[in-house]
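What follows is chain A paired twice: with chain B in the first complex and chain C in the second.
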Partner chain A sequence: MTSDVKPLLPRHDDLVNERLVAWYFLAALTFLTVSMLAGLLVALQLIRANPLDGVELLSPARWRMVHTNAIAYGFLANAFLGCLHWAIPRLTLRPVASVALSYFIFSAWQFVVVCTAAGIILGPSFQAQDWVAELASQLHISMSLGAQGVEWGETPFWIDPVAQLGLLLVAINFMTPIVRQRGPMYVSLWYFMAAFVWTFLTYGMGNFMPEYAVGGVSGGAVGGLFIHDLVGLFVTPLGWGLMYYFVPIMLKRPIWSHGLSLVGFWGLAFFYPLQGIHHFLYTPIPMFLQYGAIISTIAVELVVTTVVINFIGTIWGDGEVLKKNLPIRWFYCGMIYYFITCFQCALQVTLTFQKLIHFTDWVVGHAHLVMFGVFSMWIFGIMTYLFPRLIGRDWHSRKLCEIHFWFSAVGVFIMFLDLGLAGVFQGYYWASLAPWDVSVMGSQSFWVVRAFAGLMMFAGTLCFLVNLYLTWRGPVRELNPDIDVAPALA
Partner chain B sequence: MFESKAGILGIAGIGFFLFAFISNVWTPILMYKDVTEKTAEEVVNYRVMAHFGDLNRRYPEAFQEAFGEPTEENCAAALRLGRQLYIGEGCWHCHSQFVRPVSNESKRWGPVSTAEEYQNELQRPVMFGTRRVGPDLSHEAGRRSNDWHAVHFFDPPLVSPDSPMPKYTWFFDGAPNKPNKRGLAIITYLQWLGTSLDSYPYYEQVNADAEEDY
Partner chain C sequence: MNEPGFLQEDAFPGNDPPEKKPSPTDEAKSARFRTRLTIVLAVLILVPSMYGFVGKFYEFVRIYRGDWEGSFAIAPMLNYLLASGGFLCLFFWATANRMFHDIEEPKHAMLDNEQRLDQQLGGKP
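This part shows the complex of A and B:
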């Protein structure tokens, strides 16, 4: 791509603001830790072993919303922004629009995430005060100080405009180098460009429409489309875009098939957004719309399979690297989990499955495999690759890196199997018309296993954090500039 | 076109998004646009008023302080606050509000949900929910008494042994017979859910005559 302009290549330091990338990663890891602790709190509550039950500010249900929001906006968004600050300037050979703007976005985004968490935790405590109702009737808005009633759109209403503006600035900051770039665009940039538009539109749709504009069943359709698009049009394209960037670099070979890359991108773009309603099957939303959502879901699963095939084609014949190269192992393990979730999705979206598993832990297992098993694993791979570069030291301990991988990969898979099975049991308990407590008691053993699986994932993350600290405080151990992967890992 | 900036931004970014928006969101909006969305005042009925009055009799001091007299207007205010708390406290992450036409749900919880039930201010955003750790609440009104709810919120295992539902002690001034404004509001809200239906009050049918659905 760049061979003929090589002498003019800008220096890496002029392109990438490494300090900012590191800051984003640190913020991401902080919120990941918070979110995992929140997850553990809820898991303990379900097995009735929560020592803090009855403490208002540690209310498990409020912290469940912190759990999901800290993951989406605190961990994934921060980590992705960090990765983009590395990848986009290097792909376009141009720096982002402005350093000052970048730092402003960084601080504004942390403000958004912290305020979201604070709002969710403190908001309901003040909800009953008289001034709230008075303001609400004056302004004709519903004034929920805490969470709002859309999943992943819980962001309190007073934060929404700030977050929306932040997303606009993010788009401007990154689109500037992309627009200025000349010549053919690499696959990653297609995904990134589209993601900037989609995220902005999706956030606006989910955080304003169901609250202010549309009520009732049609509002449900908006909410369904929102949770769906947030995963499919914000997390997914950024994740795949980064895979298209990092995998060929680390394997030192091009992507197997350009044609399949095209199919994957355009298939995702067309089919993905058509499926929002599949989150609310059997609701009063008109049935023909539900069928449409189901069919396009099955279609998109076929399309994403082509992407996975493309990546398997890329590594074909070079499987040995999976043993030695840790980031590559993170990536490909994530892709296998991706394939599993997509396959599962094509089944569970059918009305036959929905009858049984909707509302059960099956869905929660699915959510963890996608969010943790796929996208977080990719991010961990990228962090494992980039951190030594960002802090100028090779990893302190390869062993801790390995433990991080195995605890995460195995932990989340146990959680997935366990919750999937729990979901099937719950579905049958409910249909059998046994009293509700029977289903709750029947779930206990699964929930205990889930808590341990969660502890395992958390332990993996702690190893990573400890390793990072030791690396950072340890002596400078130069990276070999000739090889792309940190020597300890290759 | 498939690899150009204009194609990706215009067709994939905006075009496909809009297409999905029109088909998946605009269509239901058009279909339901003539069903008017009722306000909280309009959905207050004699059934929820009976419970609102009962709360006033049981907990007069707290009630008078929180809402004054048990008028319809004050009931609407309590419903609004109750719904806000239902959302803010995250109840909807453990309880659903829709009865599906499958899985014997209409035996357990009453008639399958219809679009009309959701066409009111208190269902904006709609509280369908996505997870049931606890039972569906869309027809909860009248199934339990007010003092049952009070004790249940204070410490769920007191009335429902083995319950994993969290305690909501902050809905009370220290004891289950002293609900505060938040406690009264959320109980009022629960006693409203499903009051518009002919089947009110619907008592859970368990193990009665389970259909061979599976």
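This part shows the complex of A and C:
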């Protein structure tokens, strides 16, 4: 017979540093704004309406890299770190290893992101100076001071060691409470633990191996692994880990099947690392590696199906909540987009389909759906839930929250459909061996729609920022333990 | 335009009536269905993934023994084998340490802890 007396839990305030969570969120939103502005600039360039035409430092090629790096390392990484500072201590009932280390990591990470942007924008111009070239020659520095020539790994070579060290410190800080956990672990902690190991390895692999160790085709293969593993082994486990935490607490019911969630986790662990080569189909990379990547990509769709079944099972019979509960709506909309994007992935890696859409805007649409339509939307949902708790105020306007959701969800879906269609058109233009210009002219109408879809998403984000500001300026609410403090469980 | 109550009533439906509890028979049926589905999906996913791992390892050994055409592939395959090998060890360690013993228990413990943490925050015992 077991005793009903439960051990006393530590206080929330002793576990979670709410100020740090809020800072991470604000840093994330700042970089999101920069990234979206950069994306808008590139969209305007494509429709020949670039207002900064001729300004070397603000050329679209550099801003394009700022756009992607700011979203990956500035927005997603910062937002995830903020969420983890909330979720991990509450899941393990232990604080992170060191609050001082947390603040150091926060500062160091902002330094890394700002230096990356500065390196990308200023690096090439700086390097063109005679004295810099001479100094680099004397010091035998053969690498570019600006972006590295690895897709998604453009962080300049001189900032890579700092970022790598930062990731190690992040792992130490968060793994400490996780490894002290005794007994069976909740699935979120499995995902988080794996993410800390994978991210450290993935970053090192993509940023150091092609630069210093392996070149040529092998370097290309490593680059392919890096591109996809950054999504699959950094963003995906953190995103799903957070969903497995936030969805049950908001629905006031446990996840449908914990066993199934672990199947999804181990499936991801063994399948995902194989996938990256699918970015380089039809290249000199040995065909058995390409086939391996194709098969594992299709197999991941099975893994994703288990995860989606689990979340549908969790909300089954309570669909009404999708109407009135905004964070849950953000989460489930992101999950639907995730399923679409993974299904799309399984189709587009087949060699016949790849022949048509390779290098086209199809891939760009796919990338936007996964990075914005899935992970950014999950983060918006978490922020919608946590911000009132962090700043002790109710949202100023539900209408602005709703506009944020609808503009983001509809905007990114329009962009996804538009670019998917553009990609098919471009593929057929190229297959017909028509001159390149013909495909560019044929893409114009699609690119106009893309710019408007981007503007819609940006408008939604602006609504969120305005709402946040007005909320912060609003009156502090009185805590109601039955409703405000324990909303999902009362 | 402050709208107090939006969070309480809509975003966080905290004052909803308590849910109707399913009967023990329904619970047992649901648990059986969950277990079967989990086993089927586990076989569908984990068996081929293990097959993939062994396949990659075999290719790696073949290349190591002198198939020079495949030497391009050593770096990415070594990366995969290192990462997956680590997780294979972790999987065996977790099994040996009974991490999957009472497989559904952590989801209830998590929810219970969350409730108690929030009650403490609100000053409740």
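To be clear about the criterion, the second predicted complex is superposed on the first by the 459 of 490 C-alpha atoms of A that agree within 3 Å, B and C clash if a C-alpha of one lies under 4 Å from a C-alpha of the other, contacts with A are read in each partner's own complex, and residues count from 1 in each chain.
Assume contacts are C-beta pairs under 8 Å (C-beta built on N, C-alpha and C of every residue); 3 or more make two chains touch, one makes a residue touch a chain.
A quick note: this is a predicted structure, and the numbers were derived from the prediction, not measured.
S.K.: Taking chain A as the common reference, can chain B and chain C both be placed on it without clashing, or not? Answer clash or fit.
M.R.: The answer is clash.
S.K.: Looking at A:Thr306, would you say it contacts chain B, chain C, both, or neither? Reply first, second, both or neither.
M.R.: Only chain C; A:Thr306 stays clear of chain B.
S.K.: Mind working out whether A:Arg19 is in touch with chain B, chain C, both or neither, as first, second, both or neither?
M.R.: The answer is neither, since A:Arg19 touches no partner chain.
S.K.: For A:Gly146, using the defined touch cut-off, is the partner it touches chain B, chain C, both, or neither? Pick first, second, both or neither.
M.R.: first
S.K.: Which partner does A:Leu326 reach: the first (chain B), the second (chain C), both, or neither?
M.R.: second
S.K.: Kindly classify A:Gly215 by the partners it touches after superposition: chain B alone (first), chain C alone (second), both, or neither?
M.R.: first
S.K.: Using the superposition on chain A described above, determine whether A:Arg180 touches chain B (first), chain C (second), both, or neither.
M.R.: Neither partner.
S.K.: Could you pull out which residues of chain A sit against chain B in one structure and against chain C in the other?
M.R.: Touching chain B in the first complex and chain C in the second, residues 184-185, 194, 197-198, 201, 205, 209, 214, 216-219, 221-222, 225, 262, 266, 269-270, 273-274, 276-277, 284-286, 289, 292 of chain A appear in both lists.
S.K.: What does chain A use to touch chain B in their complex?
M.R.: Touch list, chain A to chain B: 45-48, 50, 53-54, 56, 59-62, 64-65, 120, 123-125, 127-128, 133, 136, 142-151, 178-179, 184-185, 190, 193-194, 196-198, 201-202, 205, 209-211, 214-223, 225, 233, 262, 265-266, 269-270, 273-274, 276-277, 279-280, 282-286, 289, 292-293, 355-356, 358-360, 363-364, 427-428, 430-437, 440-441.
S.K.: Which residues of chain B touch chain A in their complex?
M.R.: Those in contact with chain A are residues 2-5, 8-9, 11-14, 16-17, 19-21, 23-25, 27-29, 31-32, 35, 37, 66, 77, 80-81, 84-85, 87-94, 96, 98, 100-105, 107-108, 113-115, 117-121, 123-135, 160-164, 166-170, 180-182, 185, 205-208, 210, 213-214.
S.K.: Mind pulling up the chain A residues that touch chain C in the complex?
M.R.: Those residues of chain A that touch chain C are 6, 9, 11-13, 15, 90-91, 93, 184-188, 194, 197-198, 201, 205, 209, 213-214, 216-219, 221-222, 224-225, 245, 248-250, 252-260, 262-263, 266-267, 269-271, 273-274, 276-277, 284-286, 288-289, 292, 295-296, 299, 302-303, 305-306, 309, 321, 324-327, 384-385, 388, 394-398, 401, 474-475, 477, 479-490.
S.K.: Residue numbers of chain C touching chain A in their complex, please.
M.R.: 1-16, 19, 34-35, 37-38, 41-42, 44-46, 48-50, 52-53, 55-56, 59, 69-70, 72-77, 79-80, 82-84, 86-88, 91, 98-124
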